[in-house]
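Reviewing the structure listed below.
Note that the chains take the letters A, B, C, D, E and F in the order they are written out, and that residue 1 is the start of every chain.
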Amino acid sequence: MKKLPVILWGLMLPAAAQAQELNTGDTAWILTSTALVLFMTIPGLSLFYAGLVRAKNVLSVLMQCFTITCLASIVWLIYGYSLAFSDGGAVNAWIGGLDKAWLAGIGRDTLSGTLPETVFVMFQLTFAIITPALIVGGFAERIKYSSMLLFSLLWLTLVYFPVCHWVWGGGWLGEAGLLDFAGGTVVHITAGVAALVAALVLKERTGFPATPMPPHNLTLTVTGAGMLWVGWFGFNAGSAVASNGDAGMAMLVTHISAAAASLTWAALEWVRHGKPSVLGIVTGMVAGLGTITPASGFVGPLGALIIGVSAGTLCFIATNMIKRTFKIDDSLDVFPVHGVGGALGTILCGVFVAESWGGAGYADGMTMGGQLGVQFMGVAAVLVWTAVATWVALKIVKMLVGLRVDEDEETEGLDINQYDEKGYNL
Amino acid sequence: MKKLPVILWGLMLPAAAQAQELNTGDTAWILTSTALVLFMTIPGLSLFYAGLVRAKNVLSVLMQCFTITCLASIVWLIYGYSLAFSDGGAVNAWIGGLDKAWLAGIGRDTLSGTLPETVFVMFQLTFAIITPALIVGGFAERIKYSSMLLFSLLWLTLVYFPVCHWVWGGGWLGEAGLLDFAGGTVVHITAGVAALVAALVLKERTGFPATPMPPHNLTLTVTGAGMLWVGWFGFNAGSAVASNGDAGMAMLVTHISAAAASLTWAALEWVRHGKPSVLGIVTGMVAGLGTITPASGFVGPLGALIIGVSAGTLCFIATNMIKRTFKIDDSLDVFPVHGVGGALGTILCGVFVAESWGGAGYADGMTMGGQLGVQFMGVAAVLVWTAVATWVALKIVKMLVGLRVDEDEETEGLDINQYDEKGYNL
Amino acid sequence: MKKLPVILWGLMLPAAAQAQELNTGDTAWILTSTALVLFMTIPGLSLFYAGLVRAKNVLSVLMQCFTITCLASIVWLIYGYSLAFSDGGAVNAWIGGLDKAWLAGIGRDTLSGTLPETVFVMFQLTFAIITPALIVGGFAERIKYSSMLLFSLLWLTLVYFPVCHWVWGGGWLGEAGLLDFAGGTVVHITAGVAALVAALVLKERTGFPATPMPPHNLTLTVTGAGMLWVGWFGFNAGSAVASNGDAGMAMLVTHISAAAASLTWAALEWVRHGKPSVLGIVTGMVAGLGTITPASGFVGPLGALIIGVSAGTLCFIATNMIKRTFKIDDSLDVFPVHGVGGALGTILCGVFVAESWGGAGYADGMTMGGQLGVQFMGVAAVLVWTAVATWVALKIVKMLVGLRVDEDEETEGLDINQYDEKGYNL
Amino acid sequence: MKLITAIIKPFKLEEVKQALFDAGVRGMTVTEARGFGRQKGHTELYRGAEYVVDFLPKLKLEIAVTDDQVDAAVEAVSKTANSGKIGDGKIFVLAMERAVRIRTGEVGDDAI
Amino acid sequence: MKLITAIIKPFKLEEVKQALFDAGVRGMTVTEARGFGRQKGHTELYRGAEYVVDFLPKLKLEIAVTDDQVDAAVEAVSKTANSGKIGDGKIFVLAMERAVRIRTGEVGDDAI
Amino acid sequence: MKLITAIIKPFKLEEVKQALFDAGVRGMTVTEARGFGRQKGHTELYRGAEYVVDFLPKLKLEIAVTDDQVDAAVEAVSKTANSGKIGDGKIFVLAMERAVRIRTGEVGDDAI
């Protein structure tokens, strides 16, 4: 059994790292993976989202994703990495310490496993970038720039760094044996739940759902989708933190789940609406990728196929329910895709990790029931904490700088209004 | 002499693989190459093609490429990889077996040379994805979605898996000593010929050639072109299945051929039409890349230069002939670029592999004449088989679900008609 | 102290290379970096620039960048690599020789350090591609295609190959101890100064500055920006020519500088104009990336932060001055961003390389003052040489084929006029 | 017969269309336009270069009506396109001499 | 002088232009438009959200003609733009008081 | 009241707008158009397939004016839009029966 990454990242790093030697192949793959995961956010995700909004808000989405990229990077340097990955001493179950604030003590020769620690810092940073960027879909087309900025800062601090520490940094969930290879809880549940809470707190866009708000440029969205798929190889196979069979299997199952979920979503549309659609198939892809994420280092190809089909189905249903039944304007459907997918994958991981399913097998002494218990606990804990802390963050932001542009500004569009720019002058 | 990849892939894999050890550097490069080659299809090729059609069909092309990506992946898992790369027993000359169906027996620790076999599976899958996606250019702007889906499935089964086995999987062409490093026959001839047959069977788009059908968005096309060039480094240098001097030389000759063919095409336009064009130069690039593909592991820089110039010239002439002389609506010129280029490169490889040209040299006992004979045989065999099998596949599709949308639907555009979506709402 | 890359590239290569063994991990990372740096130009930079011009010139910019890519590649093969990186004998301080013209003597087994020399050739080529492509921003929207072609050829020969040799190829500046890790002088100062000179020689676009010439499609620009950031990881971390802690630290400081400069630029806009903008933040990013480039292998995270903030500030001021105070039509602001940033970074490198700042430390016997002297000398020498040689090149071009399209052609747009194509048919 | 040209704010289209439909109008043709008038434009700013944009996005509706529909149609537009804010637009009415429905060749009121 | 406005299906442009040319018309101005009428629109569907699109792409031709050209021009358009299917469009004819050719300052019939 | 339609070359817009403003015109509506006329078009060429494009980019200005403004307005346009080169465009003047300012409901000259 190899519960490898959790253990590796969580516990052995500080202590055992010195014992290992730098491996140039592992380093090469994680350097590459870092580039791939940054690529997922800029331009990947930002194009995916930008295509889905109306033309008058296209730049606002690009601006939000880009700003978050920069902001998260600076915060990561100052205290984020340290809170997430350094030892928190007495409160280590909950949060890391400040020993590595300003990346203190990390030099050219510092190793983390078989990698330079700088590479580990960069790789993990790209996760801290994409997670708040995913939330943009929940409050798109109506948030003020200043509010988005402040919210992202608070959210990283209150939600991302702690949860990352819980699961990967030596905190209580990792200790409890939670399997989350590349971020089902840390990335997708946190982002999905935050987007839902933001949609509820900010309220719907003016006119929703009566006024049509069709995507203004699906070529951008499909372009972004392709980039996300490719970049996700870095996200999941990079999370092996090595260039080996674990990475290879992670890439393979990631790919299978994406393909299966895409086809599932398209098929469901075909059955239900009479036609498949390109927005549907790429949404299925994101669902499949998000759902396999926590499981990608643990399951085999068959598990991945089932996870993919489940992801396509459940996220399809959830998207329709949030939008049409509950009429919640989670504008770019972050919760039904990432939140639901992340939770689904975290739970299914507890099943398909079984060796009988071609998975990596349970930890010694762990049973399927036990593992599922841990997985459910992880999902619930992250979900509740994220919901509460996001709500608090939004209330603070509202108090300090407000949340939304006013209605006339919303009608005019955020691009002109917030940035004095226009997307297209064709 | 190093006829390395053919032998490696074809024969030694099943047997000798166990003897080798995992190399993290090789693995890192092939993981990366896999990402690069997937990137060639989504978003690379799909953007390249999408820009060339009319605005009302932009999504249909993106949808077709994306769907093929998903479909090929699932089929690869179920039986494609096995048919292509497992031992076919008595019929091994023609087709592999089903031992590895569902990727049976491939785990985290299974090696293939110095790589995890999962990585080899994924790398090869990206070739099985892009090949049918290339064909999209032959039937663009008029095929029904369901027909495209069924056709792709049949085509992969009847053409791609067998031909891939012939050349790289231990089949008769590999045995005969055919040099095809990265897919001149397996990828480019098959795709080019299939597109031509599809264009003939589906007939031309309504209005062709009288009605102007200019590209609707060349920025997409040039963007896709850049992605193709970059991704092709994975395609060709990745086909070394190692991170070494073979890979380095493959990258170098690939690059030189692309540059030379691009400039050649632009120069020919300049001479003939008075002006070069950006569509011309990027088409030259594709020609140069497709043509060097079979030769990329065998020739040196000078060979590459000559191959590039030849590619630019011959494909330029072929494009004009197919469209204007024969008035065949191979809509995005797949045959004259990929088919002609693939054949040209396969043949020229037989010349420039010579050590006197800076190439890797002939196999022991092989002469230039002998090698050229094998190369011609390979080209002819793949061409004929592809033509026949594609024709059969199309007839089956036509019988079962039809091929084209009707004329009104074609006028309306496939995006609205087949997918209920519109590309742009600017 | 590790003045590693300068020494490695400059001196030890020819001699010591044979002693080292191929390292697959190092090779994998530089193969990948090569792909990343090519990706910076096509499609990265070309999209970044294309979005900034008017719709009628969008293809001209894409065409110029693409053509330069091809042209530089062929010239590199014929004599560029040799002039830059081979031994120049008696004049080696100034220029390399022609021993490696046509890449003579470089085979599959030739090593350069721990890499195949082919990989080093390719990696360095991508720098020779992007540098003249950057200049495009200086003469955009008015140059003739033939003039651009001839100019690029002359400029590579008169400026890029010599300066590259001075700094990295064993020439006098490398010998003098100039620290330029990845191209502050070689790439950014040369390109920036050349763009300025070109803007002055070609004169402003008709109508500048009275007529508004807003960017026609900022989604392209932001897409290109994301690609540039990602690709820059290859540029800077690849310049370690190894997959190790130097590469990791280079990636980290590159990233921090980019983020810091982006936020700085946006903040300055906010203060000065009341709103930040997406074009502003991505321009800040380019400034941060260009400025850290020479320093990326030498400084630590804190140095990078300060360099980033300085870059954002100084380049912001310079951009406003060039355009508004001096009314020079360096159309896409190449000089104030790349020229000023490259100079700034080269100089600041002399400070932050100090170990007390977390840097790699000075060479034995070197002091901060001494180093700063060398850095200033390097900046001045490259600046002056570039200015003079660019001016000469432009005069030659003007004499032979002229420089600008005429006014009617400029009004019509270069796409129709020079290429018989149109960017959009929506 | 009259040809009514109405310049309206883009987000009012659905409402106006519905009101015209209720007023018995069965067809119209819409064009994207940019309007200059009393409504203040905005400033765009690109790397410090300022562009004053005083043309604002509008829609232009062209509605052919019979003489007895014209009052109802004008009324329908002027009511629903009104947001009470500057820039709501204009309605222009012109006399039309002839109308033809291309498909059938019908002319005059029948063609509308 | 008359100003003819013709709403046609986009793919008919070349044919109509040719017919007008044959009828002696030497100039026209074309605008992209979206038409609402008897022709049924379509539905777009994005992640389950349905949008009914009842404005369809049309081209609007404006053709200034002299009084003696008007019948031939209307005839030319109505003949070639006719596909016999719903949505073929309309032709509207308005009286024009004045015409100026900007380049030469010519007015009246000479300006057309 | 008159409705002036002016077809001009795109790059002339700012100048024409200013001249109209100086002539007392306080509003106008602009549409992107493509014009066919005496001015020669260009050829586009994609992989050897040639397309003759004889519709050239123009702007169409619609300017409602009071009867006493019409001469000044026509004069303003015809002067500033003139580059002396073929393709400078046309001005058409039509009688307008009614004008309404949507915001206020004002009609007639007051609405303009």
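Points to keep in mind about this one:
Simple rule for what comes next: contacts are C-beta pairs under 8 Å (C-beta built on N, C-alpha and C of every residue); 3 or more make two chains touch, one makes a residue touch a chain.
What you are looking at is a predicted structure, and each value in this text was computed from that prediction instead of being measured.
The minimal number of chain-to-chain contact steps leading from subunit B to subunit D is 2. Using the contact threshold fixed earlier, the set of chains in contact with both subunit D and subunit E is A, F. Sharing over half of its contact pairs with C-F by residue number, the repeated interface among C-D, B-E or A-E is B-E. Copies subunit B and subunit C of the same chain sequence form an interface built mainly from non-equivalent positions, shared numbers / all numbers used being under half. Averaged C-alpha coordinates give centres for subunit B and subunit F that are 52 Å from one another.
Chain contacts: subunit C has residues 23-26, 28-29, 32, 214-215, 217, 223, 243, 273, 275, 277, 279, 420-422, 424, 426 touching two or more partner chains. Contact of a single residue of subunit D with at least two other chains is seen at positions 31-32, 44-46, 94-95. Interchain contacts (touch definition given at top) occur between A-B, A-C, A-D, A-E, B-C, B-E, B-F, C-D, C-F, D-E, D-F, E-F. If you check the complex, the residues on subunit F that touch subunit C are 11, 14, 42-46, 53.
Residue ranges of subunit F in contact with subunit D, taken from their complex: 3, 17, 26-32, 62, 64, 94-103, 105, 111-112. Those residues of subunit C that touch subunit F in the shared complex are 207, 211, 411-412, 416, 420-422.
Contact residues of subunit D toward subunit F in the complex are 2, 5-8, 31-38, 55, 58, 60, 74, 77-78, 81-95. The part of subunit A that touches subunit C in the complex is made up of residues 22-29, 31-32, 34-35, 38-39, 41-44, 46-47, 50, 58-59, 62-63, 66-67, 69-71, 73-74, 77, 102-103, 106-111, 115-119, 121-122, 125, 145, 217, 220, 223, 243, 418-426.
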